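Note that subunit A is present in both complexes that follow, paired respectively with subunit B and with subunit C.
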Partner chain A sequence: MEELSRLIELLNSEDEMERLHAAEELGDHTSSEAILSLVSCLEKDESRVVQEACVASLCRIGTEEVAEEVAKLLRSSDPYVRNAASEVLQLLGDRARHVVELLLRDPDPDVRTLAVRVVGEGQFSNASALLRSVVLNDPDANVVASAVEYLGEIGGSSEDRDALHEVRARFSDPFLEYAVETALRKMGE
Partner chain B sequence: MNRSSFSISGEEFARLADYIYRRTGIFYDENKRYYVEKRVFDRMKATGHEKFRDYFLYLRCDASGQEFQRLVNALTVNETYFFREYDQLKCFAEEALPEMLKGGCGRERPLRVWSAGCSTGEEAYTLAIILLEMLDSDGFGFEVHATDINDEVLQQAEKGVYEQRSVREVPSVYLEKYFVPVYGKYCLKPVVKEKVRFYQVNLLDRAQMQKMRGFDAIFCRNVLIYFDDRARREVALSFYESLRPGGFIFLGHSESMSRIAPIFRVRKFKNAIIYQK
Partner chain C sequence: MGKKVLVIDDSSTVRSYYRKILEANGFAVAEAINAYEGIEKALEEEFDLYLVDINMTKGTGIDFLREVRSNPELVAVPAAVISTESEEKDVELSLSAGANVHFIKPLKPETLLEICRILTGEVAADG
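So, the complex of A and B:
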C-alpha cells in the first residue's frame, strides 16, 4: 500500500523521468487507485512519453474497470487523449465489451463514432453483431456510415448483407449510399 | 482444397492487404499477391478453413491476436544478412554518426550502439565494421551491444562464421579486410568480433530492459513486427529510456515508430527516415 501511495505521489513529480517510471510501475497494480491515477495522468500530463507510459500500463492492467474509466476520456477535448482512450479500448477487446456496448448507445454522436471505430479496429469476438446493431438502429447517418464501412470489411453473412440493404431505406444520403455500395462489393455482391 | 486451385480475389486481397497495413505498417501491393496467397493458404490449411472469407473473419475477430501473429510470422521472412538495408546504414554512418560525435561521444566516452533482436549477428557485426571504418583510425572508442531472446542464435552469432548467402552484400574490400574464407564459409576476424558483446535480453522484460541504458543508437529492424500492439508500445517506451537524449532509433524500412508510440521525433535525412529522442 505504501509503495502504491509513493508511486501515485511520484506521478506529480516535476521530474519527467520520475513520472515516467511511476507510470510504468503502476501498471503492475490493479487497484482502483492505480487505475484512476493513471487515467488522470493520461488526461493531464504534459509529457507525451509519460502519457504513453500511462497507456501502456492501463493496457497491462487490462481490467473492465480500466475500460470504464478510460471510456470517459473519449469526451476529452484533446485529440491525442481521445485517440489514446480509443486505442486502449481496442486493445482490451472483449474485456471492454460491456463498456463499448454502452458507448454505442451514447447520446453524443461523436462518442458513438469513436465507439464504432473501437469495434472496427479492435479485437471483439462479436464485432459484426455490434456493427449490425448500429447500422440498423443508430439515428445518425455519419455514425452509420462508419459502421457500414467496418461491416464491409469484417462482415459477410446474410444478416450483414440484409442490414446493409435495410439501411438504404432509412436514409437518403449519397455518402451513405456510396459506403453501402462499397461494403456490399467488398462482401462479394 | 489444394494450392493450385486456391486464389484470392482482387477485392479480398485488397481487404487483407489493407488490414495488414493498418496493423503492422507493412504494405503488400498487387505484385506480392502470389507471395501473400501462398502464406495465407498455408495458414488456412493449418486452421482448417476452406474459404478465404471465413479465414479472414477468424483472423479479424480472434481476440487473442495469435492467428494474426502467425500470419505475420509467415509473411515476414526471417532472413538476415550483412549490410541489409544499405541506405539506412549509409544514413547511420554519414548523417547520424557525425551528429553523435559532435555531442562528445567517442572521445570522452565510447559511442554505444545496440542491435536489439540481433538474431545470428549479421547486423551487429555490420555495425562494428562500419564503426571500425568510420572511427577507429581517429581514435574514437565504441561498443556494439547485441541482444536476442533466443540463446541458440546468440551462440551461433558468437562464432562469427557465415555462409556465402549472408555475406553476399558485403563490399569486396570489406570482405577481404574483415573475413577469412574457410572451406566455403566466411569467418570474421577477431578485430570485428571483439567489438561486439552478445547477450540475452527479452525486450519485454522490464527488469532486463532497465539495465540497458546510455545508448547513442538502437537498431531494432524488422523485430517489432513480431510483437502485438501492446508489446510494441512497451518496447518503444523502454527504448526511449535506453537512449541518451538525442539518441537515434533505426527500425525496418517498412516500420513506423509514429504508429507505435508518438514519443520520438521523426528525422528526415538524405538516405533514410529515422527517429530521435
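So, the complex of A and C:
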C-alpha cells in the first residue's frame, strides 16, 4: 500500500523521468487507485512519453474497470487523449466489450464514431455483428459511414451485405453512397 | 498541371472519395494515412493545400497542423480541417492549431470542390 501511494504521488512529480517510471510501475497494480491515477495522468500530463507509459500500463492491467474509466476519455477535448483511449479499448478487445456496446449507443455521435473505430480496429469476437447493428440502426451519417468502411474490411457474410444495402434506403448522402459501393466491392459484389 | 492537394485521413474510403472528386476536376492528389506520414510528404513535396482529418490513430490532425505551422517552409500552405468533430471547442482547437477553415463531414462533392478552389486561389472567396 505504501508503495502504491508513493507511485501515485510520483505521478505528480515535476520530473518527467520520475513520472515516467511511476506510470510504468503502476501497471503492476490492479487497484482502483492505480487505475484512476493512470487515467488522470493520461488525461492531464503534458509529456507524450508519460502519456504513452500510462497507455501501456492501463493495457497491462487490462480489467473491465480500466475499460470503464478509459471510456470517459473519449469525451476529452484533446484529440491525442481521445485516440489514446481508443487504442486502450482496442487492445482490451472483448474485455471492454460491455463498455463498448454502451458507447455505441452514446448520445454523442463523435463518441459513437470513436466506438466504431474501437470495434473495427480492435480485437473483438463477432465484431461484424456490432458493426452491422450500427449500420442498420444509427441515425448519424458519419457514424454509419465509419461502420460501413470497417464492415467492408472485416465482414463479408450475406447479412453484412444486406445491411449495407439497407443504408441506401436510410440515407441519400453522396459520401455514404460511395462508402457503401466501396465496401460492397471489397466484399466481391 | 493542376493544384496539388495533400489529403491526410486514416479512412481509405474518405481518401479515395476526395481523390475521385478532385482528380475529376483537375487537381493532383496525394494521400497520407496519419499525421506523421502527412508531415513526411509535406516536407518531400510542395502542395497548394492540405485537407486534414482530426482523429487519426498515429498522430492527430492537430499534431500535423502544429508541425507545419512551426515550419517556415510550410507555414503559408493553406489547410482545411474536415472532421466529424462539430463542437465549438473542436473548431477553436483546429483554428488555433493553424487551420484556415474547419468543415464538418460528410461533405458534398460541390462543397469539397469549392473549399479547394477558394483555398488554392483558383477562385475568389466571393466568386
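Criterion: the second predicted complex is superposed on the first by the 189 of 189 C-alpha atoms of A that agree within 3 Å, B and C clash if a C-alpha of one lies under 4 Å from a C-alpha of the other, contacts with A are read in each partner's own complex, and residues count from 1 in each chain.
We take it that a residue touches a chain if its C-beta (ideal position, glycine included) is under 8 Å from a C-beta of that chain, and two chains touch if they have at least 3 such contacts.
Given the structure is predicted, the values throughout are model-derived calculations rather than measurements.
Engineer: Both complexes share subunit A, so when I overlay them there, do subunit B and subunit C fit or clash?
Structural biologist: With subunit A as the common anchor, subunit B and subunit C both fit in the superposed model.
Engineer: In the superposed arrangement, does A:S125 touch subunit B (first), subunit C (second), both or neither?
Structural biologist: first
Engineer: I'd like to know which partner A:R82 touches here: subunit B for first, subunit C for second, both or neither.
Structural biologist: It touches subunit C, and subunit B stays clear.
Engineer: Name the contact category of A:T113: first (subunit B only), second (subunit C only), both, or neither.
Structural biologist: Touch partner of A:T113: subunit C, not subunit B.
Engineer: For A:L102 in the superposed arrangement: first (subunit B), second (subunit C), both or neither?
Structural biologist: A:L102: touches no partner chain.
Engineer: Using the superposition on chain A described above, determine whether A:E24 touches subunit B (first), subunit C (second), both, or neither.
Structural biologist: first
Engineer: Please indicate which partner A:L36 is in contact with in the superposed arrangement: first for subunit B, second for subunit C, both, or neither.
Structural biologist: neither
Engineer: When the shared chain A is used to line up the two structures, what angle, as a multiple of 10 degrees, is there at the CA centre of subunit A toward subunit B and subunit C?
Structural biologist: That angle rounds to 80 degrees.
Engineer: Quick check for you: in the superposed arrangement, does A:C59 touch first (subunit B), second (subunit C), both or neither?
Structural biologist: After superposing on A, A:C59 lies in contact with subunit B but is clear of subunit C.
Engineer: Just to be sure I read the superposition right, which of the two partners does A:G156 touch: subunit B = first, subunit C = second, or both, or neither?
Structural biologist: first
Engineer: Using only CA atoms and the superposition described at the top, report the least gap between subunit B and subunit C in Å.
Structural biologist: Closest C-alpha pair between subunit B and subunit C: 5 Å.
Engineer: On subunit A, which stretch or stretches are contacted by subunit B in one complex as well as by subunit C in the other?
Structural biologist: 80, 87, 121
Engineer: Under the definition above, what is the set of subunit C residues touching subunit A in their complex?
Structural biologist: Result: residues 11-14, 16-17, 20, 54-57, 60-63, 84-87, 89-90, 93, 105-109 of subunit C touch subunit A.
Engineer: Quick check on the complex: what are the subunit A residues that touch subunit C?
Structural biologist: Listed in rising order, the residues of subunit A that touch subunit C are 77, 79-80, 82-83, 86-87, 109-110, 113-114, 117, 121, 141-142, 145-146, 148-149, 152, 173-176, 178-179, 182-183.
Engineer: Can you list the residues on subunit A that touch subunit B in the complex?
Structural biologist: Within the complex, subunit A touches subunit B at residues 17, 20, 24, 48-49, 52-53, 55-56, 59-60, 80, 87, 90-91, 93-94, 121, 123-125, 127-128, 153-154, 156, 185-186, 188.
Engineer: Show which residues of subunit B lie in contact with subunit A when the two form their complex.
Structural biologist: So the residues of subunit B in touch with subunit A come to 9, 11, 15, 18-19, 22, 53, 57, 60-65, 206, 229-230, 233-234, 236-237, 240-241, 261-263.
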